[in-house]
Structures are given as structure tokens and as C-alpha cells.
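Multiple structures follow.
What follows is a pair of complexes built around chain A, which joins chain B in one and chain C in the other.
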Partner chain A sequence: MQLYLLPGSTYAGDIDSLVLLITGIVGFWYVVTNLMFFYLLWRYRAVEGQKALYVTGHEPDLHRWIAWPHYLIIACDVVLIVGAVRVWYHIKQNLPEAGETVRVVGQQWAWSFQHPGKDGLLDTPDDIKTVDEMHVQVGQVVHAKLESRDVLHSFSVPVFRLKQDVIPGRVITAWFEATVPGVYDIQCAEMCGIGHGIMAARIHVETPEEHQAWIAQASPQI
Partner chain B sequence: MSVAHDHDHGHDDAHGGHHHHEPTFMERYIIPTDHKYIAQQYLWTGMFMALFGGFYAYLFRMQMAFPDMWIPFFGRLSAMEYNAAITQHGSVMIFWVAMPVLIAAFGNFLIPLMIGADDMVFPRLNRLSYQLFLLSAIILIASWFVPNGAFGGAWTAYPPLSGDGNYSLTPMGSSMWLVAVAVEFAAFLVGGINFIVTAMNARAPGMRWNDVPMIVWMICIASLLFMASVGPLIAGAVMLFFDQNLGTNFFDPRRGGDPILWQHLFWFFGHPEVYVVLLPATGMVAEIVPVFARKKLFAYDSVLYTAIGTGVLSFFVWAHHQFVAGIDPRMANVFTITTVLISIPIAEMIFLYIATLYGGSIRFTTPMLWALGVVFSFLIGGVTGIYRGASGADMYFHDTYFVVAHFHFTFFPIAFIGTFAGFTYWFPKMFGRMMNDTLGKVHFWGTMISFHGIFLPLFATGLGGDHRRIYNYNHFADLATPDLQMLRIISTVSLLILIAFQFVFIYNTFKSLFWGPIAGTNPWKATTLEWTTPENPPSHGNWPPNAMPSVYRGAYEYSVPGRDEDYWPQNVPNKAG
Partner chain C sequence: MFHRSTSAVFGLLVGCSTAPTVGTPEDAAYRFDETCAPCHGAAGAGNPEIAAPAIAGLPAWYVTSQLHKFRDGVRGTHFDDIEGMRMRPMAKAVFEDAAIDALGTFVEALPSQRPAPTVAGDAAAGQASYATCTACHLADGSGNPALQAPPLTHQPDWYLVKQLAKFKHGVRGAHPKDTSGATMRPMAQTLADEAAMNNVIAYVMTLGK
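The block that comes next holds the complex of A and B.
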């Protein structure tokens, strides 16, 4: 069963590792807590003629069963926070130099893309404009300048593990570097009205040759 | 500290002072001031609203499993109706089911009885609270029938979508939703003030702060959280209403507004709200587990501190709902830290409940099964929250079905499993009759297994990239796979099974209401004051005016050494014991 999406960007693996780290830590606590829970339920089920213990929970030899796991959780929290902040910093705060910049405009209910074209610059006559279809080159850092014409949208490419809300009145830069050629979903991930459920686009991750060929073929005649 | 019943004369006029007269229909249902009737009104209204919430869930789950098919009892669900269904489902289940049942119904019923008072301190305010709530529920349901139908912009109502009828296409529905929510909040604000004042001022003589049953504490803390957090949202709701109808631009960036501002106002309320409904449910666990383990609550003070700690921390985590919403990315680091830290008090609270089982003599009655079910299921909701609090991972999980599965593993254990625990436990006190235990257990196992069948597959679809609020996955090539579709079908079929098992509950409830065996005044042999009323169910005033209870000990004195009985009610004087 193919459920887990392939990691398709340079940082997808970092996010997946963070997810695994969290799974390891919370999985440990989940299993230990449930073992304890079900053991106590079985061990102390009502037996005819046997009276329950009278304890307040403040006896030091009992309370340490709460206190020690408690300290251990604080330690786990520190590990989780460090892991999460490192990944976050890398993806959202520390943007690498752009190899190509693409303008992405969300509107009810379509994505339009403005690629820089042959000269590599946006807002020049050779820009390539497309709807619901984005073309990028594998191994190149792409900056997506996210804009919205109307309501909130969210630019989400699950194979890249990338998600960024798109806000009218602002330009927000998201980046990615694709690693595996192919064609993948771009999905709107923020409720944007009746057509939210059909606001799909596709991203074409192309080898350098394919990408050049596409630029040559798609460039407007000037 | 002063614990006199000085509130008695305060509402003599409201009660007319006559304790032994059978209330007329008018007094009982239209202008009640008795906290028990108001509690029942909240309870039945909340449960009735759950039928709406459940029906919406049925509609959109059918659409997701069998896209564009004709749905029995409805017909074909359009995209607009789909959006309205998910929006109304979320709003109804949180604001019109979880809140009225967990806080208002149980708070109204339990607080005076558990602290040994004859009623709420402000009985007429209490009535006002319910009547405002009823009004808000009527407005909400009516919005489904106005032109273009109910609001469909998700229960978070993010502007600009919610602020402009040209975007949402539901100009009337949006405004009605907003008015309904604001009126509902006013209702709970009034009710919450009443709970806090009553618990502070009307406790029985001798009841110290640490003799107060935990659920009373929990409902008061929840009411305080609600009071402290709801102001910004009511202000935001007024601003959004102005945006919709008067042409202001608080949240519209076309004319200088800021849509993110609404998100802050919403989630500053929205996250504490989670704990507003969580705490009463954990309070029920704290009441029920000691009774059926015949065991003192493990470390009463620590349970209380974890609840207060959770409540305080809950005010500093709201922006974890907005990691990818366009806030300054540096802010995410702060909110990751506060969010992950909330695991400390919550985990400790769960450990304390589990530790209460140690050395017990555990009876697996229906209420006990439900209470244990809260702990078991909420644990899954708790640990999966860590994925969401960790900003780096949330980037992927945000607005996927992983989120949906996560918060249903918190809300369902709270709002349904917790309610069933409380309902089956206090049913003998509310209605004077016992429920059928066998039917109760059938309902328990059917509900628990099908609930996990609904939401465990949704963790997997979320991991596979399924976004929320999608009308038809066939439009997304990567999501229209047979594997994901099979998981969606498993989830929907489980929902149908869950709905089917609720008929067992409805049957059991109505059969027991009228024909159940008569319950004694203290059928579970519990220690708290509500079980000491001379009549069952308690009549107006709860105790005879000359025999109000006094309190001599804490709320959980079970299996005390040297006593024949394994429970020691709070009101039994030491010498007589």
C-alpha cells in the first residue's frame, strides 16, 4: 500500500526525520502509559472480600511514580523543541539564494503562474504565464512569490512537504528545491469558498534539458 | 472562611419560598429557576443539536466516500452544501453540543448539589443564560434555510472569505452564523459567572477549598478560561459583522484591513476553548474513577495544579494554529515552545488518573468504562498533538486529515465519551431511575470501536497528503488513489456503524427514563454531597431547608482503614462515623 508520499524536495527528508523523531518519543510514552493503564486495570480488578488501599498520592514512594516520568517528559520536550525549531529555521527563516523566481497568484478558484522565461527575470515581456500548471527545474532553488487576488489560499505541495498560506495584500516568499523529476499535485489548503475542493494545479519537475525545451516551446512570440 | 448560606434570602422572591409545591408546566419549562430543570433543558437541547451535528457529518462523509452519489435521506450534496455541512458540523459540535452539555448542563446540575447549596446564586440569570442559548441555536439552524443556505467558510470563519458576501456567496448565512455565535457566547458568559460565584460563595458549612469535588473545580476553571478568552472574539465578531453589513474594513486588505488580525482574535479564544471543554470532561473522570475503584483520587492537589497550569498555558499557545498562516516565522519558535510545554501538565494529569487505579478494587460498570474510555482515547489525541505543536512537522500536517483525526481524538473523548460517562453516572440522580447496564455496555463497545474505526484511518490519509474540506478528491490526481479511497470508505462505514449504535443509547435512555428500576438515593455508594439528598431525584431546594448538609471531610474518602463501609460520605459527622 503506497500511502506515504515520496520526499520530493531537499528538505522533505528533514521533515520526515522530525516526524520519525516525534513518533519515536510519543510512541514510547503511548506504549508505556497504556501498558501501565491496562496492567493496573487487570491487577486491581474487584475481587470479592478484598478492600482497596487507602493512599493519598502524596506518599513519597508513590508520588515518585508521577514525578520521575514528569522530569523525563521535560527532557523529551527539549529534544522535540530543538528538532522542530531546527527544521523550521531551515525552511521558513533561512532562505537560500534563488535560482529562479516564479510568481504564484491564487484566486477563486485557480492558480496562475508567471515564470521568468528566457531572460530569467520576472515582469519582462518574455515571461511565461500559465494557469494551474507550474514548471520548475530539478536541483534548482525556486522562490515562489505568493500573492492572492481575493481571499486566503494556501500553496501546498505535499511531495515537497511545503505549505504556506497566501494572503491578499501581501507577497510571501516560499522556497523549495525539487529533487525528483515528475508531475505532482499543488493543492489549495485553506478554505477559499465553494470551489475550494477543485482548486488543484500540477507542478512539473523537469530535468534541465526538459525545462529548457519547455521554455523554448512555451515562450511568447515577441 | 465564611461559607454561610447567605444567598438563601437573595432569591427567595424568585423561588417564592415554598419548597413543597409541585411546579406548574410554566414554572418548570418556560420560566424555571431551579438549576436542575435548567440543566435538563441544556442537556436535551445539546443532545438534540448533536443530531444535527451528526447528520452533517453523515452528509459529508458520504460525499467523501462515494463522491457525487445520491445520499439516502438527503439527495445529492452540492459543493455549497458540502461546505455548509462541514462548517455547521464544527460549529454545532463545539458551541452547541460540547459547551451546553459538558459545562452548562453538568455545571448547572452538579455545582449546587455537590457543594450543598439549594440552587445557583443567580437563578434568574441562569434562566436567561439558557434562553439566550436556545435563541442562538434557533438562529443557527434557521440559517440553513435562508437564500443561498448556511455559512460555508469553515468554523474558523477566516476573512476575507467570511467578511464579504461576494466571496462566500452566503451573505445572509455568514451574518446569521456570526450572530448565533456571539449570542451563544453571551449565554455562556452569563452562565459561567453564575458557576464561579456559586462555587465561591454557596459552599456548605465546613467545605474547604480542598474538599470541593474536582469536577466543580474543573467547571469553574473552565468558566474562568472562557471569561478571560472570549472578549477578544466577541469584539472580533462585532467587527466582522460590521465588515459584512456596514462596509467597514477591519479585516479586508483591499481597503487597509488585516485578515490575520481575525485569526489572532479567533485563536486567542479558540485554543483556550479546547481546555474549556476538556477540563469538565477530565473532571468527570476524576469523579467516576474513584467511585468505581473504591479509591481516593490520587494526589488531589496535583490534579488541581495540573488543571490550573494547563489553563494558564493555554493562553500562550494560540498561534500554533497559524504557523503557516503568514505570521512572522520567528514567532513560530515561541509558540512551538509553549505548545510543547503543555504536554507537561496534561501528561501529569493523565498519569494521576491512571495512578488512582493503583491499589483499587475496580468495578467495570458502564460509567466506569466510559471514564476509562476518555483516558484511553484522549491519550491518542494528546500524543498526536505533539506533531502539530512542533512547527517543523506542522508545516506538512497543517490542514490535512491528520489534524482532523487529531482533534477528533481530543473532542470526541471529551464531548461524547465524557458526556456518556457523566450521563450514565448521574442518570440515577437526575431522573431517579437506573439505566440498563447491558445495553449501556453494548453502546460503549459499539461506540468506542466504531469511533476508532472512523479516525484511525484518517491519520493515514492525512499522512498521505489528504487536505481538509475537499469536496471531491477526484480533482486531485495524487489523492484520487484506490488506497486512499479505501481508507475514506472505511472511515465512512465506521461512522454509519457509530450512528447505528447511538440508537441503542436513545432506546436505553427513554426506556430507563420511564420504566427503569427505581434507583436508591446513593446507588453507586459515592461520597459526594449530591448523593445525600433525601429525595431522588432531589426536589426543589435539593435538601429540606432545616437539614442542609455540612461537610466534614474531602470528597474521595473511599476504603478508609478501620471502617466497615468502604465509603465515607462528606456529610457524615466524625463521631457518628
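The block that comes next holds the complex of A and C.
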């Protein structure tokens, strides 16, 4: 059963595991602290004839109630940091060799794509230029060269768990390797003006045969 | 705009929207304010800083036909049509046919706001080229709805020059479903270069006065 969005790239599972780890650890402590908080509210509620007591927190038998959870949470933080750095290194610091490189141009409020065409090279006459639709091959590492024509955007493909800011004046390389053929959403994940909410496109993840057929059909007449 | 958005949110929260009925003049005014005015201005006078042309007073048939084209991806989906791609999601936001019709009527009723000329061209030289245009746009530039030819006397000159270039280079009018655009494309191709475009538009700016 699919409990959440399809994991459609090689690293989608890593991201999901990290999110689950964070949710699990933070959720555990959220429940524990709330249970403790409400228990103490009830246990030390106002009682007729009993004076309130000021506790500084320095008494050894009380101090350990603060110190021990503190140590445990620091230990949990270390686990989270190690998990996060491993995923960050794998996705953001590591750039596998490209099977195909596509230029992705964000503007208010559309995504346009320059595919390399038959020769596999960008900026040649056989490039395939599209608006609102990107075509990639399943099982192939794709480098997306992200550019903006105007303001900040963010190239987000939820099924790939990919989200990368697009910054005017810079060319930022994002990568992914799609694992499941299909047609999925691309969205803008950085407020970019009045049309931001409907700045959507679609990514077509195709089998090698479908991808070659698309290239043949969409290639410009030269 | 802020209090309208806020009241719309409250309307949704209590289960009844305060937005007017689709297709009514109130609906058109509301949508113009929400969707069109941020770029084209409250009076539809346009804003050259963001390449938004004046639209006030354009005939309803033309406004609706272009909104349909933008909404349906017939216009504003070329890789190099930067301004068109900016317009497209706005048209997609007004997705009901009745709302588009009402907006067309609303825009037509706005007093025409043609800005002063900005393009330097030789109107006398442009007059000769304009002979080609008269077949559809008529000698006075008032257009002919029967031929899907809009009036040329409402929009700013920088916009008209830009559209000529887009038609010439297939950035506009090249979509297989853009039949009226396909009519305009070969006409724009008769203009040799940017100077020829500037000249003919300089002449167009003398019309309708």
C-alpha cells in the first residue's frame, strides 16, 4: 500500500527515511514531554491549605529530571545530524556523471526546457525546446542546469523529492535518476509573484524506446 | 485587494464564498481587480516596465479570443515568448468560459488608454508598408472582427512592434491551432527588419486620432 507520494527517484527513499527518522524521534519526545507536562499539572494541582513551593532546579534529585532528558536529546540530535549529513552528502555534494543534460529555465510564471536532442549536446541546432513539459529517460542520470530569467524560483519535483532554488545570474546543477515511468508534477517552490501558485509543468519519465520516439518526433526540422 | 482576499478567505472558512456569481459584471470587475490589474493597471492602461500592454477599450471578441488562446496553450507556450508565458497562468486562472466572456465585456467598456508613442520610426515610410495591413485591419486601423483582425488603435507602439517581431519569427501565431495567428505570420514576414517594423507602427500611431 502506498501511504504517501510515490518515491520516483534513486534518492527519494533516502529523503523519506530521513523525514521518517526526524518525525519519529521528534514525535517521541513531543509525546513524552506533553504526557509529563500534563501529569505534573495534575499531580501538583492546587490543594486547599498547601503552600506553593519554589523549586530552583539545583537540587540533585530534581536536577536529574532536567539533565538526563537533555543528554538523551543530545544523543538523538547526533543521530539526526549523522543521518542528515549522509543524505546531504549523497544528494548535494555528490554529482554522478550525466546521461543527459537538460537546461531548465524558470521565469514568471512558466518552466521552459531545452533538451539536447539526438546528438546529446546542448546548444546545437537539434535541441528540443519545450514549455511546460520536460522529457527524461527512466534509469538515466539527468543533470538539470537551472537558470532564471527574472526572480528567485525553486525547481521542485515532489515524486523525486527534488527541490532546488533557481537564482537569477547563476547556473545551478541539480541531478536525479528517475526510477518509475509516468507523468509527474513539476512545481515552483519559491514565492515568485502573483502567478507562483499556478507555475506548474509536467515531467514525462519515459522508457528508452519511448524517449527515443519522443526525440525523433519532437526534433526540429533542420 | 487585501480586504477582498481576506473576506474571500473568511467566506471559505464559514462555508460560503463571497465571490460574485461567475459571468456577472460584478464577477468581471472582481476578477479584473484580482488578476488583470496587478500588471495591466486598474484602468487597463498597461505598464511597459513589465511589458504589460494597454488593454482598455479593446473589443470584447478580441480579448476573449486571446484569453482562450492563452488559457488553452495556443498562445504563450513558445520557448522564446517570455511575456506570453507570464500572461498564460493569469488566463488559466480565469478558466470558466462565462468568466472570460464577462471579462471581455468589462475590458471593452474601459476608456481607451493608448500611451504616447515611444518608438522612433518614419511614419511616412511606414505608410507604404501599411497598405498590406489595410486588407484586414482597415485603412483607419479599426480592425475587422469578421477576419479576426483587432483594432490597432488601442495598444502601445512598443507592444505592436514586439508582436510583429514575434509573428515574423514564429514566436506567436505558429501554434497549429492558432488559425488567426497563422494569417498574420506571413504578413509580418513581409517586413524586412526592425526599422521596417518601427516605421509601420509609427504610421499606425497616427491612426485613430
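Note that in this section the second predicted complex is superposed on the first by the 214 of 222 C-alpha atoms of A that agree within 3 Å, B and C clash if a C-alpha of one lies under 4 Å from a C-alpha of the other, contacts with A are read in each partner's own complex, and residues count from 1 in each chain.
Simple rule for what comes next: a residue touches a chain if its C-beta (ideal position, glycine included) is under 8 Å from a C-beta of that chain, and two chains touch if they have at least 3 such contacts.
Quick caveat, the model's predicted, so the values are computed rather than measured.
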| item | value |
| --- | --- |
| First, second, both or neither for A:V55, with chain B first and chain C second | first |
| Touching partner for A:K129 - first (chain B), second (chain C), both, neither | second |
| Which superposed partner A:Q108 touches (first chain B, second chain C, both, neither) | both |
| Touched partner set for A:G195, first chain B, second chain C, both or neither | both |
| Partner chain(s) touched by A:W29 [first = chain B, second = chain C, both, neither] | first |
| Comparing the two partners chain B and chain C, which touches a greater set of residues in chain A | B |
| Touching partner for A:V138 - first (chain B), second (chain C), both, neither | neither |
| First (chain B), second (chain C), both or neither touched by A:Y44 | first |
| Chain A residues contacted in one complex by chain B, in the other by chain C | 108, 194-195, 198 |
| List of chain A residues in touch with chain C within their complex | 107-110, 112, 114, 129-132, 149, 194-195, 198-199 |
| Chain A-touching residues of chain B, taken from the complex the two chains share | 79-80, 82-83, 152-154, 156, 158-161, 167-169, 253-254, 259-260, 293-302, 323-326, 329-330, 332-333, 336-337, 340-341, 343-344, 347-348, 350-352, 354-364, 372, 375-376, 379-380, 383-384, 386-387, 389-393, 395-396, 398-400, 460-461, 463-465, 467-472, 475-479, 481, 483-484, 558-561, 566 |
| Footprint of chain B on chain A - complex, ascending | 1-5, 14-15, 18-19, 22, 25-27, 29-30, 33-34, 36-37, 40-41, 44-47, 50-58, 62-63, 65-66, 69-70, 73-74, 77, 80-81, 83-89, 91-93, 108, 150-152, 154, 156, 158-159, 161-165, 167-170, 172, 183-185, 187-198, 200, 202 |
| Partner chain A, residues of chain C touching it in the complex | 35, 38-39, 73, 76-79, 82, 85-86, 88-90, 92-93 |
